[in-house]
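Here the chain labels run A, B, C, D and E in written order, and each chain numbers its own residues starting at 1.
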Amino acid sequence: MSAAAWICLLAPLGAALAITLAGQRLSRRGAGYLATASVGASFVAAVVVFVLLLGDSPNNREHPSVAWHWLTAGSYTFNLGILVDPLSTYMMLIVAGVGFLIVAYSIGYMDGDDEERRYFAYMALFVFSMLLLVQAGNLLILLAGWGMVGLSSYLLIGFWHERPEAVAAAKKAFVMNAFGDAAMALGLFLLVQQTGSLDFGVVFPAAGGLSPTVANLVALGLLGGAVAKSAQLPLQTWLPDAMEGPTPVSALIHAATMVTAGVYLIVRTNAIFEAAPTVQEVAAGLGAATLLMAGLIALVQTDIKRVIAYSTMSQIGYMFLAAGIGAYADGMFHLLTHAFFKALLFLAAGIVIHALSGEQDLRKMGGLRHKLPRTYWSFIVGGLALAGIPVFSGFFSKDPILSSALAQGWYGEILWVVGMVGCFLTGLYTFRMIFLAFWGEEKDGDLHAPEKDVPGISMGVTVAILTVLAAIAGFLQVFELWTPVSNWLDPVAPPLVVPTSTQEVVSSLVAVTLGLGGIGVAWWIYGARRAEAPEPSKLLEHKFYFDELYDAIFYRPAVLLAHGLLRFVERPLVFGSLRELTQGVRELGTGVRNLQTGLVRTYAFAIAASLAVVTLVFVVVR
Amino acid sequence: MDVGNVLVWIVWILAAFACLGSGIAVISFSNPFYSALSLIANLASLAVLYLLLSAEFVAAAQVLVYAGAVMVMFLFVIAYLGGRADTPWAGGPSWQALAAVAAAGAIFVEVIVVIGLKTGGRLTHAPTTDYFSGSPYDIGQLFLTDHLLAFEITSIVLLVAAVGGVILGSHARELPGAEG
Amino acid sequence: MMGPNIVWYLCVSAFLFTTGAAGVLIRRSPLIILLSLEIMLNGANLALIAFSRYHGTGDGQIFALTVMAVAAAEVVVGLGLIVAMARRRLELDVDKLRTLRG
Amino acid sequence: MSPPISTPPIDWFELGIPLIPLAAGVVCLLAAVLAPRGWRRPFAATVCALGFAGALVASAILYAHAADAHGVIADAVQRDRLGALAQMVVGGIGVLIVAVSYEEPMADDHIAEYYALLSWAGAGMIFLVTANSLMTLFLGLEWFSISLYILCAIDIELVGSLEAGLKYLIIGSFGSAMLLFGSALVYGATGELRFHAIADAVQAQNLSHDALLVAGLAFVIGGLAFKASAAPFHMWTPDVYEGAPTPVTGFMSAATKAVALVVMLRVLVTAFPQEAHLWTVTIAVIACCSLAVGNLAALVQNNVKRMLAYSSISQAGFMLIPISTNSALGGRAILYFLIPYSAMSVGAFGVVAARERELNQPVTFDNLAGFGWERPLLGAAMTVFMLGFAGLPLTGGFVAKFYALAAAYEHGWAWLVIVGVAATAVSLYYYLGIIRAMYMRPSEELQLAPVVGGSPPPERPLQAAVAAALVITVTSFILVQPLIDGARHAANAIF
Amino acid sequence: MSSGWLTTALIFLPVAGAIVVWVLPLKPFATASTAVLFALAEVALWIDALARYDFSKPGPQLAQQTSWFSDLNVSYHVGLYGFSVWFVGLTTVVLAAAIAYAFWAGRERADAYYGLMLLLTGAIVGVFVAQDLLLFYVFWEAMLIPLYFLVGVWGGPGRLRATIVFVIYTMAGSLLMLASIIALGFSQGSFDMVGTGTNGSDWIFLGFMAAFVVKAPLFPFHAWLPEAYRESSPEVAAVLSGVVSKVAAYGFLRIAIAKFPGPTLDFRVAILVLAGCGLIYGSMLAFRAPDVRGVIAYSSLAQMGLITFGLFAINDLGLNGSVLQIVNHGLLSATLFLLAGGIERRAATGELGRLGGMARGRPALATVLMVTGVIALAVPGSSAFAGEFAILAGVFQYGWGWAVVGAIAIVLAAMYMLRLISAVLHRSPGPAISDAALDLRPAELGILVPLLACLLVLSAWPAAITERAFALRKPIDIQSIIAGHIPTTLCANGLSAAERRALIGLGVKLVESPSCSSQSLTTGNLESQSNLRSVLP
């Protein structure tokens, strides 16, 4: 079993290395196929692991496997080890599966880009990193994967490195994640100091014994990492810019997998978070706030990918909410469905952009449903799933979260209300996008010929598969009637809250109503054009001024400080002091030199005078 | 105190003051010729003091070697070069002369003080009666026994100086001709 | 015969010595500087002889004699240098010897 | 009829060592008169070199046989390993200097006298280091000083040579007059001239606080410090070193200093042990002054000879540190120090001489440019010498400095260690400056092209001498043990 | 011990090579290739030493000792501790790469140049293996002599000033160390570093530190650094920041901490403050540096601060992490400087403003620079990350604030390194970049890829070093972790509170029992017993 897991982990890495080393010797297509194949292999391996794991009794489905000591320091040992258990297998399936589809899609999408090889190498590297993250057997390796997904996200966002904004966005994403990594590292330092280890097997049992302060600090550190990676408040601003990357990248990294790593982290380390309930509530709160804020901003976005990006943020908000209130399985289930429908939306958007030869501005689109009917329908499916309309997957995964929130006392009720508002917004911005893009009169942009509707087998098929999944994946878990996902995950992360059926019914009704309401309003304004679109508010257009804020309180001060140090410390003090010193010594030397008058009498005088002094001293001291 | 003692005192005072005066004269005459002459006087008066210290041979040598040979050479050179005068106390940095006198004075005072301190000790009481008589015989004996080596070395030094004089002089000789 | 105390001789020698030193310090003519050096040496000689008289040993007088010889040697070399300088048309003024300085 | 005079027994072995170069000098002098012009230079040089070599060998043998120190020839001189070691050093220096000065462009008709005087100066030094009484001390001092006065002035064509000679003569005589007067005072206080006798008299009559004695000591120290060119008695040094012919300068900076220091050690330790409380501190202070003055002034020099003169002042300061400790370790340190130091300064001045003949004008930092690349051996050697002066490893200079500082520390004078360290730090600037001038500036920067058309003269003897100096400098770093043992035995003669 | 000749050979093989290169009249090409061969032979020799070394045993191995001059007990004593092996390895590898790079780039006056490079190799190795204080100092200074020439002769236009500042500044520091060495040698009656116990004098300690902080350099003492790194030729800069700065770290570890535990504890905070300032300060200036070398130079200032952090955390995590990070940073900065050299050759300038867009069409350059860069910014999973994690985890145990500073520095590192990478590789080609500028040549790859390979292997297996740096695996005890002694247990009776704190800081176990006297030690070897007193403040 662990062999399969290792294969699953290493296959993409092998592909990445092979593509890098092969260089020109490997054809572009070959690179694509190789990457796809490797990820496919991972998926197969993951399935194998899953099947094997099914064989075990639910209570001993934990199979750690250590390759070697990764880092040691005297009495401390951190292994390069992986852990195969229901949670990691669940994630492996998602990552490898969705990854496979999207990499395959990329073959078509990236066709003709002259740096295809680099692209696929990066993609494979990313899948490896993500698998490392989810399979890690201890927090240090998890952090390693954590950083490497950040790295590959940096590489892929900046893939078109001639574009300054792409480079800038990539740097922004990396640096903000570096903040997260740093916070997480600090948490881990404390954990090491307290427990002497970072192995899940050691740390989690010990978590209960930590003093509340320690537990809070550790959890806070982990949460810091999570919010950075998952683009939650307050470290959310990098995600929209990340849309500079190729669309499949956005689909894979910034929708389906990487950005949800934060949720995975919280669920994985639920033991620690449960030892620090306050922080966990903070996590839920942040999720709620983010989903609301992102939903609002999404309303005014004009870039099709950014709308989806904000919706991603908002959906992850739901997952954080779930993880925060302890409905881990629900959160993870939403993660799954979201991976499907969000990947679907991105890839479909990719087709649109492809068809419009790179145009991403909604205002320049319109009437595409005639040109791209199939894409249009997959968009509809994805949209409905996103909006949580019954029978589509989003409905089954989102509502349990809300109902669990309802079961969580007054704090939960607040969250519930926020979530509901989120439902409304979701419907609204999703269908605003769809109506703007596909309805209305056609803009005569330089539109490709309609046969680009299904550009290439790879793109079409993958989108089709995802469409189906987005539509039906919800039936994996139908409330408490049929709960394989919860059964699977509960041994790892037992839920803290179980909603009553009434709560479920209530929240489902409200959610669906609001979702439909949102769609209706969108139709009223953007579909049927019955009302004039309201003037978007500056606040929303500036995304609540977060970028400006951070620029003002972090970046500028740093630059100023650096300048100041150079101007007021380096030059005057560090160098200046040395210059002064040498100057002084030289002046002394000149002084001594001037005593050397060249006059014999001076020399004789020097002798006589100093002799007089010496004699005097001698006679006085004796 | 007997007559002899008084006589000795008178001679001593005369000699001593002649010595001091001529010493001052040597360094204050602007014309080296006069200076040389007063140095001769100085040496002579010293010889007297030596006699009073019952160093007959040294006194004699003083007169012969110094006042005789050395000073003659001096006068010869001075005459040869023509007595170029330079005013004392002049030239050099302004503080020079003052400082010079100060330094010399300091040394003088210190030595006097040292001697004065000494008078408290053994220096005053009468010198030993069985003193070394500076007769040529005794001197010669010492030169051949205790200070044999010193004697030889002295001759070597003189040899070196002689050769040096020759070399330097010959330099001078070859100069007026454009090429020696 | 008694005569004055050693101390007085020593005072005279000290005076001579310092006079010579002062001469070296204030005069510019190398000739006179040489003379002043002679005075210094003679001052020392007087001290030596006085002490020799005082201690009743001959070492002082021997020393004095050798010093005379050495003084003569120095004079020879000194005069040789001065003559050479004069022949090279160098002004006989030590203050003018300032090409080497600093 | 007076009784017959019984002359004291004469130890010809001991006395012979100075006599060898002395005789060599006489032969040279004869050559000056008898040998035909063309032969004078090689003949005189050979004889002179042989004289020094002979002295070297003889003193080495003496060293082997002088395990027990005792005075000879009526205690006028001391026969011990201290003297023998110093004599070896002087002899070696002499040989090297002869080689260095072989091609010195000097009027042919005085070349023989030059070597004669060189031999005599060496003989005087060789005699001086064994001097055992204030009288022999004074005489030996005058012996080699007078020879050096003449040597400085011998190259009449050289600018400043006469000036150097006269300055040296005046100041030198002034200094020896001080020494003489000091000797007189000491004699007055103790009635003795021989070192041991002085010490015994002070002991016997409890004169250790005697005013006359300490005043005399002050004058003696002054006179000796003058010869060692230690500040503030140093001021003649730069002028004389610059004005004198370069080989003579090398001889002075190496031999005079070595001899003066050894004599100072001998006098202070053997004659004034009871005054140690005075002279240790004084010497330490003088050492600090020398370090400060030498280093600071050397920083701002452009003429290489003059810079080396100042550096030799600071080196004197360094060598005074171990003397000031008045300890066996100190004696060991100073005696070891002399070996690499002499080699380095002879070698350095040899290199300067070579460059001078190449350009035939004074060597400055600027016209050293490119020298290192044009003359690999000389450049490398000069580099090593400079590093050695700076006390960097891979040269004996390092071990020497280490011992000197160690002696100071052992004496309990950590402050002196710090002073020495600081001085070294300053000195790095100009020592490394030489290297920089030789290697790091392209010779295009050179103001004038070497007048010697084409390849510079081979100067085999000079190169050999420099190479020998180089070898000594480096070997004295690796083979410390034997040298230190030698120095220890020598120091045991007085400690 | 047998086979001590190996250590001696490690020192003198390159020296012999230098002599060969100097003496034999070879053509420049032959000279260079001879030098490269000697450098590679040196690496092979080190691998042999690595194979022979038994990392489980405490104390110096492959040791050799012969008296140098006996009256002060100075001896030629060389040997390897566990961590020294890695320092030496770093030296041989980086120097080999540097010499090979010079071969490729071509240097005039070849014989002098390569001779000096080999001499430098020998001297640096000597510093790391010397077990006698004076010998240590000898190599320490000998190291500077070739450097003086290498920077001064083959450097850039401003080389003269750069060298003089560099050499005199660093030597002024090391001269103070000489004073301290004398003092220490006399106080312990021998200049041997092994088995002479510890010393408690603050002044002696400070003398040593003066040399180390200047050489490292730590924050206010880095005035020589920017110019020296900017003016020297790339491979020399690589050696300077990759290896030469590490001798200071070695000094911290082998002398400051191991021989002066008491003073180390007294000045710990001060040193950590300097290191922290350097860490932030260097990162900040690297973030604004106008040219490639500036960024690398200031980043290595920051890195030395980080390493010092780990060392003076004085615990398992810190020390092991530092040794790892020393190797990492050595390889990294060497690679980066060589890359900078390659870039400057192509662009004829290092100014970031005039570079850019080099990734397009130059995959090898882009890949190498990118990989090196991301490892240098310690992306989690890299060896640099492993080192920094251990260091900061270690210093965290001493005080959480220090770790926070380190965490900030991690973010800054990301900022300046990404700035460097994208300024060189990304956006549209800068004015200095012509399309004619080639990709990395096979020769360059042949030099850079091995270095990179070392880094990648270390990324996969950092424990390769941390498991083999120190002899003991038990709660820290400074003497024992350095010299491999058994940790001592001391009876706490009659010790003042301060003494107790110092001892506990040293990891000495204090036993409270009426039966024992404060001198009696229950375990531990004799010399640590006899020297334990001197440890007390």
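What we mean here is this: a contact is a pair of C-beta atoms (placed from the backbone, for glycine too) under 8 Å apart; a residue touches a chain by one contact, two chains touch by 3 or more.
Given the structure is predicted, the values throughout are model-derived calculations rather than measurements.
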| item | value |
| --- | --- |
| Path length in the contact graph (subunit C to subunit E, fewest steps) | 2 |
| Farthest chain relative to subunit A (centres taken as mean CA coordinates) | B |
| Chain whose Cα centroid lies at the greatest distance from that of subunit E | B |
| Closest chain to global C-alpha mean, per-chain Cα centroids | E |
| Pair exhibiting more inter-chain C-beta contacts, A-D or B-C | B-C |
| Euclidean distance of C-alpha centroids - subunit D vs subunit E, Å | 44 |
| Cα-centroid distance, subunit A relative to subunit C, in whole angstrom | 98 |
| Rounded Å distance between subunit C and subunit D, as computed from the means of their C-alpha atoms | 26 |
| Centroid spacing, where centroids are CA-atom means, of subunit B and subunit D in whole angstrom | 31 |
| Residues of subunit C engaged with two or more neighbouring chains | 10, 17, 20-21, 24-26, 28, 33-34, 50, 52, 54-55, 57, 59, 62-63, 66, 70, 73-74, 77, 80-82, 84, 88, 94-95, 97, 99-102 |
| For subunit B, residues contacting two or more additional chains | 92, 96, 99-100, 103-104, 107, 110-111, 113-115, 117-118, 146-147, 150, 153-154, 157, 160-161, 164, 167-168, 171, 175 |
| Contacting chain pairs - touch in the sense defined above | A-B, A-C, A-D, A-E, B-C, B-D, C-D, D-E |
| Subunit A to subunit D touching residues, read off their complex | 585-586, 588-593, 595-596, 598, 600, 602-604, 606-607, 609-611, 614-615, 617-619, 621-622 |
| Partner subunit C, residues of subunit B touching it in the complex | 1, 4-5, 8-9, 12, 16, 19-20, 23-24, 26-27, 29, 32, 35-36, 39, 42-43, 46, 49-50, 52-55, 57-58, 61-62, 65-66, 69-70, 73-74, 77-78, 80-81, 84, 86, 88-92, 96-97, 99-101, 103-105, 107-108, 111-112, 115, 118-119, 123-124, 126-128, 130-132, 134, 138-139, 142-143, 146-147, 150-151, 153-155, 157-158, 160-162, 164-165, 167-169, 171-173, 175-176 |
| Residues of subunit D defined as touching subunit B within the complex | 2, 5-8, 10, 15, 22, 29, 73-74, 76-77, 107, 109-110, 113, 116-117, 120, 124, 127, 135-136, 139-140, 142-143, 146-147, 149-150, 153-154, 156, 185, 210-212, 215 |
| Touching residues (chain side subunit A, partner subunit B) in the complex | 597, 599, 601-602, 605, 608-609, 611-612, 615-616, 619 |
| Parts of subunit D lying in touch with subunit E, wherever the complex brings them together | 332, 373, 387, 392-394, 398-399, 402, 405-406, 409-410, 414, 417-418, 421-422, 424-425, 428-429, 432-433, 435-436, 439-441, 480-481, 484, 488 |
